């Protein structure tokens, strides 16, 4: 019996269910623009959470400051597009590149630190980045923020014109695409030799070094890939919301919510953070807000506490996580 | 005094101890011998309530220890002196000893026991205001034993007291242990140093890969060919 | 140009601020050092203490300083309940879980305050405490001197509690070596509960002082938690007198940054220092000693 | 099993989400997007109270039902835009009022433009908002009106020669600080101290010492409530020798007086409206509004509540007027009605230019005297004589 359920929810099955759900969601929501835009936010969060989980769940290095890479990505793209007229699509790429580069600046000194100290160093870095964005007015417009950031330009496929200005649905599918790209990057990375090395580092630095893993390089790659993906999502955010200020781009939300989503969904499954992001958003939007318009966050906080205490492995964590161990036996 | 029956302990999926049974007789030294990684420390941690067993039963003085917390077990008079001393380095010798009497409420009993410990280890008297971080290995072991004694143990569990000590110091420590037994405390000794352990114990068990491989009185163990070959290096 | 008196005055104001910083972060540092829980709801406990003092002042005219014990007690109760209901159950799981849990509690509490007491910003104003005193052209207020004294008293009180009292010693040895403490007959689970509650009490003392020196609002907690974090790392986990020094370094550093550079770099100073300490000396300025 | 549970949960959400919007002509559907939680919750909540009052009155007066939908944007830009998607896209409201904070109103007003829904805000003063020339964007207040009152009063009513400006790094305060500085410099007033501080600053002494050393006549703090509390308390301790303390907005309000007591005396502040500042033509309306507000919410209305009230009122009137003209409520008609508006209100004359900015908006500069706000500038709205030099901490 136990084996049956285990076989039922493999990583792949869970992935397929979530993929199917994400693709079908706009239909389920009858293309209602509000709910679609709510889930655009959920998917941005989901993608960042998957990226965060590459570092934390796979490689064992918890970060409290992914807002740093999100914000760097967002600002990079916004500045390139508004000031120097780059194409927003190029901006997405540049956002990723700069997010990755930014991660190296803090990563190189911070990798010597362990556990909460590493996490805190990244948090500090995020705050420093936010303060720089606030004070480098010539580049970032300071606290006034950058307004009127161009949306992604319309794509023309034959006679079909896909517009990203008005429609939420097109934005939804773009972000879904980006999210699956992030998922695939993480998925294949974990399957590769590097992924094995990351798992070894997750266990213990010294043991990993003992079996010939270059610990520093492995951590650096995990962080850079994670930050790059986060940077791309940040860049997308800039062109989606079309307004950036240091407070919104480097908001603690982007540091905290990916962690929450990952724990909620389960960190041992790659798809867990994604599912977590969707469920949290759904609960907050459709359940808590209905009961208590101004106090819904109260439930949210309580829910977090309750889930952590009574379901600490998350929604998907236990099953998928245990399965890979079961295989070896 | 202590009776362990069919005890098994697991860490996650790893079976550390499987079906171990043994007894420690009142008023004597019983020893458990075994190589590194045989599960000795785990066994003691399980008896003292730091680790919960997967199955089995531990009886102390006719009472089942199942589900008891470490401090409740200590209150019953079963005290362990852990491997590697585990003192509190920023505290002085005297503070360390006094913390051993945490559950004792009468000041007079604490003072009495403190002078007993200083009698047992005269060496420590002059160092009582020194921080434990500054002591030598032998002194640390004495403080550790002293701290255990401060809780008025009826059964003292000693985990590798000879570890890392010079032979001369080992002899001093064991002389003290014998005195403790003479004063009426039962001792369960867990050791790698088979030679010394068997010279003081009355009964011994050999623990190998998590189960009891051999048990007998100390004298016959000393003569046992397996013990000679594997543990005494003869 | 900046006059010499102003530099001295600025320096002093930084020191005063720094001492109060130490008080605000004491509870967090204590809980982190002893129970190994980074309590992200710390700031919310502090804010609770502030509101208690505020209401006592507004409703019954009780002097906020007299309200201190009650404010501390209420925050202590909040911490006690949080620990018994939630934290106790996941004490043994990963650090990350306790972090998320306390974060959730923080969100819950902040929004609860919002519902209970509206979003209005509250300031605990007591006229005689706001009177300035002047010494050789340097100004301080009665309240400032008083809050510094209270902060120092609490910090040293805690220090003596930990080094002199039986319970304090039990808490201390549990922090150093948990197993050894359990083997000495200390109920380590009880110690966790007591320590977490004390953490709440300490936070509760900070609240009224924050309300007097600045102001309180339902959402003010997170900022305090972050500051407390920086200080804890700066001082080094477990060093209570170190917190005072770290608080002053931060307070004075911030003040002088404003005086000599620019106010907009004040926060940057704190975080830059934070990262520098983490990278250069992860154990903090005063290492791990209790 | 777990996966099934998740799928079931999602289905529940989906069903819950799908609720067909009512299409029937009849009640006016007015949407409100405002922060009810988060950093700006306080302002958003007051705003909504004012709007609710306007709705009540409108229903009574015209006997037309108003369906009011209030959505919390959680002080978050993304949620602000999403709230508009919900109001305009799902609930199909006829117009939206509310919005607080330029960083929230920016994305929200763009979303409203996408849905061709009139959007009328009272809490966003950034110039860039109207520079986009959105056809659905209207607002009651904007930056130049604030800055003019401050610089004018400092130069003319106070006659200060040197001014120290300290400002919160948040966007609106940073913008007004720059604007006021430029205006003052143009008028020949020196600004030797011009510094930005972070929100959450509690030790203002080092900053104030710079003001002291520069020998400023007046201290201008462009900030929010906590910043005033902090600067005034620290100025008192330092016995800061300036002759006037001027704040931007939200200073001298009843809440301010309640929390600061005697230390609220003599501060200067800009406000769009405070109790008793209405021009003669609108005194009656002001009194009625204040009475009704007190009756309904058991507290004094703040200027934010007043702005909320006025925005709700004029928007509803415009929808109705447009609807009467064309037989159904339509965005163009509502916009036309708003653009043709020209009335005297408790906050002065209201009319919009082609960008949706208020044509005649100027804030008033008042001084708190014995707990009441006495307008001292501009001269045509003057209510009493200025007390100068005078600061709350009684120096000089």
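Remarks
So that you can tell them apart, the chains are marked A, B, C and D in the order they are listed, and the count of residues begins at 1 in each.
As a working rule, a contact is a pair of C-beta atoms (placed from the backbone, for glycine too) under 8 Å apart; a residue touches a chain by one contact, two chains touch by 3 or more.
Everything numeric in this text was worked out from a predicted model, so none of it was measured.
Here the chain-to-chain distance from chain B to chain C, counted in touching steps, is 1.
Here A-D and A-C are compared, and the pair linked by more C-beta contacts is A-D. The central chain here, found by comparing per-chain C-alpha centres with the mean of all protein C-alpha atoms, is C.
For the pair chain B and chain D, the distance between mean C-alpha positions equals 74 Å. If you average the CA atoms of chain A and of chain D, the two centres end up 35 Å from each other.
Taking each chain's centre as the average of its CA atoms, chain A and chain C sit 32 Å apart. If each chain is reduced to the centroid of its CA atoms, chain A and chain B end up 52 Å from each other. Across the assembly, chain C contributes 111, 114, 264, 267 as residues in contact with two or more other chains. Across the assembly, chain A contributes 131, 134, 294-295, 297 as residues in contact with two or more other chains. For chain B, residues touching at least two other chains: there are none.
Under the contact rule defined at the top, the touching pairs of chains are A-C, A-D, B-C, C-D. Residue ranges on chain B touching chain C, taken from their complex, read 45, 48-50, 69-71, 74-75, 79-82, 86-91, 95, 99-100, 102-103, 147-148, 151.
Those residues of chain A that touch chain D in the complex are listed here as 5, 8-9, 13-14, 17, 21, 25, 28-30, 32-38, 41, 131, 134, 142-145, 147-148, 165-166, 168, 237, 241-243, 245, 247-248, 251, 253, 275, 278-279, 282, 285-287, 289-290, 293-297, 315-316, 318-319.
Contact residues of chain D toward chain C in the complex are 37-39, 41-42, 45, 166, 169, 195-198, 200-203, 205-207, 209-210, 212-213, 225-226, 229-230, 233-234, 236-239, 255, 259-263. Those residues of chain C that touch chain A in the complex are listed here as 38, 86, 89-90, 93, 95-97, 100-101, 103-112, 114-115, 222, 226, 229-230, 233, 264-265, 267-268, 271-272, 274-275, 278-279, 282.
Interface residues of chain D, counted against chain A in their complex, comprise 1-3, 5-7, 9-14, 16-18, 36-37, 45, 70-72, 74, 76-79, 81-83, 85-87, 89-90, 102-103, 106-107, 110, 114, 126, 128-129, 132, 169-171, 174-175, 198.
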